[in-house]
Every structure is written in structure tokens, then in C-alpha cells.
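Pasting a structure here, questions to come.
Which chain is which? They are A, B, C and D, in the order written, and residues in each are numbered from 1.
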Amino acid sequence: MSFNSFGRVFRFTTWGESHGPAIGAVVDGCPPGLPLSESDIQPWLDLRKPGTSKFTTQRREADEVRILSGVFEGRTTGTPISLMIENTDQRSKDYSDVAKAYRPGHADYAYDAKYGFRDYRGGGRSSARETASRVAAGAVARAVIPEVDIFAYVSEIGGDGIDYANFDPAQIGQNPFFCPDAEAAKRWEKLVDDARLDGSSLGAVVECIASGVPAGWGAPLYAKLDGELASAMMSINAVKGVEIGDGFAAARLRGEQNADPMRPALNGGSEGPVFLANHAGGIAGGIATGQPVKVRVAFKPTSSILIPVETVTREGAAADIITKGRHDPCVGIRGVPVVEAMMALVLADQKLLHRAQCGERPE
Amino acid sequence: MSFNSFGRVFRFTTWGESHGPAIGAVVDGCPPGLPLSESDIQPWLDLRKPGTSKFTTQRREADEVRILSGVFEGRTTGTPISLMIENTDQRSKDYSDVAKAYRPGHADYAYDAKYGFRDYRGGGRSSARETASRVAAGAVARAVIPEVDIFAYVSEIGGDGIDYANFDPAQIGQNPFFCPDAEAAKRWEKLVDDARLDGSSLGAVVECIASGVPAGWGAPLYAKLDGELASAMMSINAVKGVEIGDGFAAARLRGEQNADPMRPALNGGSEGPVFLANHAGGIAGGIATGQPVKVRVAFKPTSSILIPVETVTREGAAADIITKGRHDPCVGIRGVPVVEAMMALVLADQKLLHRAQCGERPE
Amino acid sequence: MSFNSFGRVFRFTTWGESHGPAIGAVVDGCPPGLPLSESDIQPWLDLRKPGTSKFTTQRREADEVRILSGVFEGRTTGTPISLMIENTDQRSKDYSDVAKAYRPGHADYAYDAKYGFRDYRGGGRSSARETASRVAAGAVARAVIPEVDIFAYVSEIGGDGIDYANFDPAQIGQNPFFCPDAEAAKRWEKLVDDARLDGSSLGAVVECIASGVPAGWGAPLYAKLDGELASAMMSINAVKGVEIGDGFAAARLRGEQNADPMRPALNGGSEGPVFLANHAGGIAGGIATGQPVKVRVAFKPTSSILIPVETVTREGAAADIITKGRHDPCVGIRGVPVVEAMMALVLADQKLLHRAQCGERPE
Amino acid sequence: MSFNSFGRVFRFTTWGESHGPAIGAVVDGCPPGLPLSESDIQPWLDLRKPGTSKFTTQRREADEVRILSGVFEGRTTGTPISLMIENTDQRSKDYSDVAKAYRPGHADYAYDAKYGFRDYRGGGRSSARETASRVAAGAVARAVIPEVDIFAYVSEIGGDGIDYANFDPAQIGQNPFFCPDAEAAKRWEKLVDDARLDGSSLGAVVECIASGVPAGWGAPLYAKLDGELASAMMSINAVKGVEIGDGFAAARLRGEQNADPMRPALNGGSEGPVFLANHAGGIAGGIATGQPVKVRVAFKPTSSILIPVETVTREGAAADIITKGRHDPCVGIRGVPVVEAMMALVLADQKLLHRAQCGERPE
């Protein structure tokens, strides 16, 4: 296993630095014959494009993807699919201060401790822009799992949560926050704008639902669907917590409250029983139950802020640091397409793994 | 990657069913020359032995481990270490009802959907007893990371949490709950006993701290220390949520509140700066910062309860189910040694990975 | 990836030392529902049992396998299958001399250089007995690929080769050499007996054919069927060369001689063209062509001989060494079941990999 | 494990089709701080550049590599290194015939059987040009193992071998054949030219020596140095056989002839004993002995020839095929830099693996 690959059969490797010439991903193990072109991938990248609102980073980028291999006459060949996005907007001069001192909350100090030096430009490899390659890879994954529908949204910013009674999926694309509650979206405008003006930042919670996942995907214990999802989501920049289904709330329920009772399907059909609840979030014992898979992801507030924070320089002297340049007041908002992409990537891999082991049923 | 292995260099594979003749683990990639014998492993197993209190499962087991390979004259050889624990207490007859119907919250239905049938005895592979092999493997991992100190405790049962002002590590081994707050431990006696008498069950939250982790362990993005911990913890039976540091609480802080400021070490020494806070839980950008690594794990309440829950039989007919036999009213308690073991296993692997890539610094 | 596992989806990990209490294997990723019991595995082990003729090692062992997990009511569950073979015949005292000096050709010196010390008893981990666990794992693999027929034989001992004009598969089980040429078998009796009396040893060449491998198994480049076979065979103790099809002889042919021409199937059926030759050995571009897969494996002569050879002690002083104890005059003979087992293990993994990526064909 | 990656810690993934816009590789796990720039990689690519002599392919290409990530201020950062080579010379029209029929010896038929269709242009993914990305990755590997010296040469073309008595390494770069025997090189001019004029092709044998490999690299059994080398070499296009040390010749030696006797180092120093022979080719029990590692690789003759060979079309009808376009009369010659690259890639990975497990020696 290498350090920068994810997945077991449907596998992707990302590369590229925020301020390097390009970023990209190599997607391996994709089944052959699936329709794929740049136009299948670009919309997902556009969804995360900075500059689309004043609430996200002010870097203006095309984020235009090219497919360099693995596709022939509009269909996947089964060979590795190389995706590349060139970096067209790079302003190195914004980072001169941070070359000398460590930004608290960033990986700067840890990077130095590990590698002996670091590429201080932007966030280097741990920057949020690296996620563009993941979103691109996620678009390929979606082609593998047409039976699954995935959508994510922000459920909370800075402690201010949506009202589930007001939940309307159609609202998600109608505001800059991927918010399904129109009233919350209005409140968040002020909330995030104030934080930006303060030079501060806010955390967020993102929820993601995948419907249509057939019961059976996943494997007990170490290729567990929830284990893989936990790892995938925690690997997203700024994530500090992952829940499946009720998550930490389940720790406060009693057994009979947390159970997901089952009833026979009305038509006695073959599609499995009807569940009366989904505290489990669609996964039991590491395997999908056929219910919607539900994941919640906690994003911490951006560490790149304009409020001075005590830090030390590389030589160990005390210093204050203000991170200039262009930054998100709330990275969690931009995390929504990334969370969806990781959900797709994990499910695609799980589908192929399930097929590998259980593709045939013996007599 | 196979389905039942974990780790990249320091790697273990577990095997065995709850009601099979034995369970075990093969630990691979262990450095040679480390002192190891059964007496290094057995105490950790005894810590989780059922029957030690009326609050845990009433199965009386020796859980005695044997080392079958990989050790010579008391030291690891560098070759695979095979550990085996024979099952001495198995009562199959307790499970006759569940052979026919699915236990809600268990993996029964999902297993059937995946494999076409299931081994209904106990929990088969998803049983809590499988964790004995993980605890054994974890003991081997501890030998690899003598510089790290790991301890875990229960911080909350059924919504009733400890008071951190009363936190006393010495209390952890003094009560049946691994609880560091003597007063909370008293309250929990009644709480858990009542649940057991009701035939119900309770969830719990376990926290784990690893001190002495050198800054630099971990790798950005996909061998991320927090990603691996998330996967490791989520793979424990009954876990539904994982947090690093402040976790979901970080989503409610502002940037300047969540920052971990740094000051120069007082003696200007080489051991790195002094941190003034640890919201990050010891990990930034996937790499250890040198601060204590802190993980919180949410356990749902046991699904095996005596209160009837609606379910369906294998043929699809409606039924109620009561799970007889011997069960934990609170599996989270027994999760403590397992959480510690997984922390050790991940850190051992990360140490070797770090050494692989960064073992030499060039001129 | 760890050091002692092989395979990507159908994966096995072996453990155990020649003179430890037991050896075994954990087989992971096996499809569920396949019939499996000890009686499916034992015959393959018996085929390699020492003491069956005076031409092989004089260690008398039961080599009796137990299945400890992964099987329920006679069929695989899809969970890890743990196999164990206890060592019933161990005579440590034969190895006292070799504790002090390095046996040339053995891994003794290299082991010391790597690990700092070694388990000198028998061959430790590099002993031929470790292959028993591979043969057991291979028996499980055969259950996964019922459509394939595998057989191997010795084609040459000490430079004396079979006459392919005398080739009769029925002869393979009729002599102690797995030899398909009755006349060669007679010559080899004297050849090997003389070597044994001289205290010397002989090398051998083993050929293995797998028929019925469907065209399409294998993946170009790095999960190449021939690449995986090369690795699998080279990992067998004492192997120094691997060929696919014509192997090194192909290097001496011209292009038009080496080509495998194709003709349409007589009935214009769907089973593919008829090949007029098989220089390629059933594999082209890393993928099976549907023709018999043919592999040749070269075994060097045993390094454990009674003729003194110059060596050095651990402290660096000159010494001569004679390896007493019980040894094979020709390890290549015992390699036949192992070569078959490795063929089965690779093909099982390739079948599942192929199913993972290409299990469905799109419209 | 995915299909197109190789290595366990120092790992590379290649991508790209012969007639696509570009080919490339992502190298992961590289230690940080190593000097690296395009000028470290380009010379190795130039060594394999087609058109340098009339004996190799007539495609004129720049094969110019770009480093897109993983390097900062001239040194590796420890993050993935993305290498790209754009395809500047592509003539699709040469392949119109082969779109309809299968080229015997090529992977065409097998590809169709696996994927349901194929990219017929050039060799698609199985083309020799894919090796350019491996040569580039190999250059990065060399930076990891400065202590090792690697060189390869052609020892035999079309059955005509060099005379080891005339062996002069300085000759290797002095002729178009990487031949260390000046007289053989002269003979080969005519041999290969005649084959080209006949429209035929020839096979070749390449030998590769790595000196300075410290004793101890490699791990017994499944990360065996010789197993990994076998897999690496067999994955090269057109390879049908791999030998370590004496290879198949060892099968014809007696034990006392095949032994590599040892004597104490003259100065009693710490660099290990002096070996009196190297039949083992520098590897015993999967671990390096400190002697030169020697590998022999058999290349079959090119399947792309101008002599008609019987084949079938995609629909199953009989046809003859002549492969027009530009082809090598002897692909083995161009295999030399690739064999060296694979040797470097395997040794780099083995070095890091060894460091991972054995980087520290306990007291």
C-alpha cells in the first residue's frame, strides 16, 4: 500500500500541489465499457469552483479537467484513467510570511517534523485544492454505480443548524451554502459574512445520503463499508469527526430505541423487508442493509485567519502570525462536493469487491 | 488488500468465529529482536475477560493465548507471529431462535444479503469475541512502540458523563467501568444494573489518549494518522462515530478558538515548541504534532436485548425476536481494551511507515 | 502489503517455522458457499508427505490439517479460513553445528545480515516444510476454480530430461518422481540414489499445465497473469528460474516461428478461435488467451549436503560445514505439489480480480 | 492492490496509451530531500529513444519528461511525484488493418475476451512505449539507492551469444545493441539487418547486474527480492523467462558445484565474508547476500512482423495479417533500459521495506 492511494480494487491515486503546475488523479480498476468524457466530470468540478460567491475563496480558477488515458471512443477501456487539472491561478507572493513561521492548526509544524522541510506555498499537499482531483475521481466512480443516488448538504454552520421540518432538497442548489433549509440559508449569509469581516472562520457539519445501495455491499471487519467511509471522510482536509447513522447520539439511546425493526414487504416480494427506522445509517456489521447510507462529517474552522495567533518560527523564536492571501471563512461549505465524491469512490470500490467475492452463487 | 487485514507494513489478519474451535491473529512485519512471550499478551486479554463483573457478559472463558510462530528464545524473529486463543465455552443451543429470524441491529440480514446464508451461532464473525484476537495483536504492537503510553476509559454511559474535574487515572482500574471518575462509577452501577434487569442495553463513549507520539508520524492524505485511526475504531463492533480532538465540537468553534498556539520551548531545546492547547487532538494534516493523540469513540447500545422487537424471518414472515443467551448490557465497557489495542496497532504501523520513507535524512 | 501475504483479492498469509509447534495459513477473500472440509485438503498434503519413498526426506510426519474457521456446515462462509498443521516430528539436536556456522546456499548469512540473528533450527521460515501451508491453501483455491484442471510433473533431474514422445500423464503418480516418462523414471532411480549415497544433491525442472483457463483472466502490466505466476513460483524455496511457454527458447526463435496462428472454430461457435500453436504458454499481454497456461520452474540442488563446503562462523572465522540431519537429495521432486498449489492460488485470485473489474458488461 | 501499480512502500503507478495524448507515472513513497529534476530523468529516456539507429523503431519522438509534482526547490518533498511524457508522434492510420483482425502473439484477442473491445491503436496499453514511463520512474528510484550501481546489456540475439572472455563494459554504450562484446556487436549488425529486411524479428536475452546491494535487503517468502524481481521483469512487454543467478543452469549442477563457499574477510572487518562464487546471483532465501544481484531476462521476438500469419477477424472469419507501421526487429535491445529501471524500482522498494522493519536494532 502506498501513502496516497485509496481503495482496493477501484483505486485512485492523487498527486499535485496547490501551487504546482497541475494536480490530478489516476483511477485504476474501472470496469470497461462505461461511457465517460470530460463533460461527465466537469460539472462536479464547477460545483466546487471558487469565486462563485463571496463566501468562498477568492481564487478564480477554471479547474478544467482533461482525460489523458483510459478512454477510447467515449468509453472506459479498463486501463488506468489519468485526469489532470492545470493550475491557472497561483499567487506565491501571498505566502512569504508563512515560509518563516508555522501556522497553528495547519500541518506546517508537523510537516517539518516529518520531512525536514516543507513546501510552504499555499498548503502544499494538504491544501483544499487537492480535493479537486478527488472530485474528478469521484465523477468516474459515479459511472460505476448508476444504481446509487448520492447527495450531500450542510446541516450546520458555526453551531447554527437547519430545521429538518423545513428540509427541501430542491433548496440545496439555490444558495451558496448547499443548505436544504431556506431560512437557515438566510441566517447563514449574515453569520458567514460577519466571520469573514472579522477575519475569523467557522466550522460546519455536512451530511451525505446514498440511496439505492443494495444490501450486501461491504465486508465484515476490515473492508467494512463504515470503516472505509470513516477513513475516506477523515482524510478530507479539516475533518475532525465522522458519524454513521445516529453516531454519537446512538451512544445515548437504549437498545430498544436504537433498534431498526423490520416488517415483511407488503407484496411479499424479493426486495427485502421494510425497515421501520434507520438508526444504523444503512450499515450493520460493516455491510449495507439496503437502507439509505447516512454519514455526518464535522469540519473544523479554517486555520488560515487574519486574527493574530501565537506561534514560533522555524528557528524556534516566538512570533505572531496572520495568514494573508485568499482563504475560505468556512471550508465546510466547499467540502460538500468532496464528501459526495468520497462516498461515490468508496461505494464503487465496495461494489467491485462484493462482485469479486460474491459474484457467483453456487448451487 | 484483503478483507480482513489491517495495516500497511505492521499488518495483522484476524480469523475465527465466536463459536468455532478457536480465534486468532497473524501479525506480520514486526521488527525483529523485540522481547515477546505469552506473558506480555495475556494481561491485556485478562483485562477484557468476561465474567469479571456482573455488568459484563456471563460467559466464563480462559481466553488463553498461545504464540505459535515468530518468536525464538523470547524475541521476535521478524517472521509472522501467529497467535491463537481456543474457545473453551460455547453454548450453541442459546441461538436456536435466531437461526430463523433476523435480529434487528445485528448484521444478520445484511450477511444473508451478501453471502446467501450466515453462520447464526453467536455473532459469527461480527461478534464481540473476535476482538480478543485484536487485543492480542495490540499487545504485540505495544512492543514496537515503547516510547508511547496509551490508556483509554469510558467517559459516558447512557448519556451520563464523567466530570472532568474529578478525573483521576488511578480510578480507571478500580471499578468495572474503566471509569476515571469515582462518583460517576457509583451512578453507573445502578444505571447499568437497571438496564440489565429491564432486559435493555446502553450505549457508551470511550476516549483514548496516546502520549509520547513523536511529531512526524503519519502521512498526508491517505495514510493519514487520523484516517487510519478512524477506520480502525469504526471497525470495532458497535461503533457508530469517531472523533479526533474536539471532533464535532470543533465544528462549533471559531478559528481563533480552535487554534493551538505555539510558544518556544523554555530551554530553547530541540524537542519542539510548547503548545498552548490541543483542539487538534495531536494530529494536523494527517501527521502527529507531538501532542497527545486523542480519539473519542461512540458505541451504540447492544442489539441483543430481551425486549421484543419486530422483525422478519428468513422467509419474509413477520415475527418478534428476543435474543436469549448471554449478552452485555453495555458493550462499550468491553470496548476499552479494544480501543487501546487499535490505537497501538495503528501507531506501530505508522512508526514503521515513517521509518520507511523518512528513516534517513540526506545532507 | 505485508511481507508474507500473496494475492490481491483471494489472498493467503502463511505462518510457522519448521521446528515450531505448528504451521498454517489464513486464506481470505474466498467466495462463500463452496464445499470445503479437511478431506478436500488432506490428499494434497499427503501427496507431498515425506517418507513416502527413500528418495525424499526421512522425516515421518502426519501433516494433518485442521480447519479452524471460515467453514460452516461444510461450506465456506466467506470469512477467513484458518488452516493449521501441527508439527509432530521435530529433532532439534541435528542442527547444533549449523547454529554456529553459515550453510552456503542457505539463507543463514543473509538472515543474520537482515535481522541480526536467526532461528537456526531447520530452515526456520525458509524451510521446505513451510510449503505444506501453501499446499493446504492451494487446495482451497482449487475449490474456487473448478473449471480449471492443473497438473505438474518433473521434466528433468540433474540434466537428464524426459522424452516427450514417451509422455504419459498416467505415469505421473506411478513413480516417486512425478515423472510422465516411465523410462526416465527408471534412470532417475539410479541417478538420485547415487547422489544420495554421495551425500550430494541434484537440481530439477518442474513443468505445470493449467487447462480450461478462460480467455480474459489476468490484467495488463502489473496484475499480469504471467507476472503473478513468476512471483509465485520464484517464491518457492530453491527456485532460480521461471519460464512461461517457450521461455528462454523463445529468445532463439524468429517472429514467424514464435507466432501462435489462429483459425476460426469449425462450428463458428462462440468459444473462440482455434490456435495452431502455443509458444506463448497461454498468456499474451498478461491476459490468458484460453490456451493451456504452461509454466516451467527451475529448482537448484539442495544446499544441505554432506560434502564439506568452506564457510565462516558467525564470528567470522573459517570453517567447513557438513549439514547432518535429514534432507532431500532432490527438493525439486517435492516441489511438484507446491508448484500446482501456487498455480491454483494465482488463478483463483485472477478469477476474482477479473470478476471484480469485468463482471458486468454494459449495454 | 490495484492492477497497474507496483511496489509496496516505494510504489509507482503508470498510465497512458501508446497513441493517447500522453503517458506518465505517479511515484509514491519517495523519501524527502533527494535531489531531483528533469535532467536527472531525461538521460535515461534518451537512452531508449527510438530512431537512434536503424535497428530500432522508426518513430521519431522527443520523449521529453516533465515533473508535475513532488519536487520543491530541486528536492523531493516526500509527496507523490507525477511524471508526464507527451506523445508527439502518432500515426493512427498505420493500424487500420489491425482494427479488424487479431495479431497473433499480441494481446489483441485476449484483450477482447477480457474487456469486450480494445483500443487497437498501436498496442494500446501493452505497447512498448508504455515502458517510457517505467524508465522515468526508474530514474527516480535510482535517487533512492545511490549505494547501488546497476547496468544491463544484451548477452544474446537470435541465439547468437557474446563471448564472456571478450566482456568489456565500456563497449556497452559503443554500439546500437548495448553489447559488451565488440565482435558480437559486429555480427549482430548483419543478423538484425537481415531480419529487418526479411520482415521478420529476433528474440534476445538481457542480463542485469546490481552491485553494492547490502546484505539484508529483501524478506523471506513473499516480499522476496527474487520474487519481486521475477514479477517486475516478467511484466515487461515480450518477456517470457526470468532467471536469478545460474537460473535453469543451476538445475543441472550438483549441490557441491552450486554452493557459494565463504571465507573470512582478509582484514577480519565488518563488511562480511568473502564469497568464492555467486551461483545464487546475490540472493538466498529471498534476501540479498551482499554479492552482485544478477538477473537474466528472455525477450521473445516481436509479434509485429511483415510475414503473413494466419489469424481470425473479430467476427471469427479466417484472415492473414501483416502488421504494417513502424516496428522493432528486436524489442529486446530496447528492453535494456527498462530492465535496469525495473531493477532500480524493486531495489528502492526493498530498501525502504527493510528500513521499515529492521531500521532499529534493539539492545
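Convention: a contact is a pair of C-beta atoms (placed from the backbone, for glycine too) under 8 Å apart; a residue touches a chain by one contact, two chains touch by 3 or more.
Per UniProt, the chains are A, B, C, D = Chorismate synthase.
Since the structure is predicted, the reported quantities are computational estimates derived from the model, not experimental observations.
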| item | value |
| --- | --- |
| Third chains touching both chain B and chain A | C, D |
| Pair from B-D, B-C or A-B with over half of its contact pairs in common with A-D | B-C |
| Of A-C and B-C, whichever chain pair has more C-beta contact pairs | B-C |
| Euclidean distance of C-alpha centroids - chain A vs chain C, Å | 45 |
| Chain C-chain D separation of Cα centroids, rounded to whole Å | 25 |
| Distance from the mean Cα position of chain C to that of chain B, given in whole angstrom | 39 |
| Contacts with 2+ other chains: residues of chain B | 1-5, 8-9, 14, 29, 32-33, 75, 78-79, 114-116, 125, 219-220, 353, 357-358, 361 |
| Contacting residues of chain B [partner chain A, same complex] | 1-6, 8, 14, 102, 104-107, 109-111, 113-116, 123, 125-126, 130, 156, 158-159, 195, 200-205, 214-224, 226-235, 237, 240-248, 250-265, 268, 272-273, 276, 279-281, 283-290, 298-305, 307, 309-312, 316-318, 332, 353-354, 357-358, 361 |
| Residues of chain A touching chain D in the complex | 1-5, 7-9, 11, 13-17, 20-24, 26, 28-29, 32-33, 66, 68-70, 72, 75, 77-82, 84, 114-119, 124-125 |
| Touch list for chain C against partner chain A, complex | 1, 9, 29-34, 75, 78-79, 220, 352-353, 355-362 |
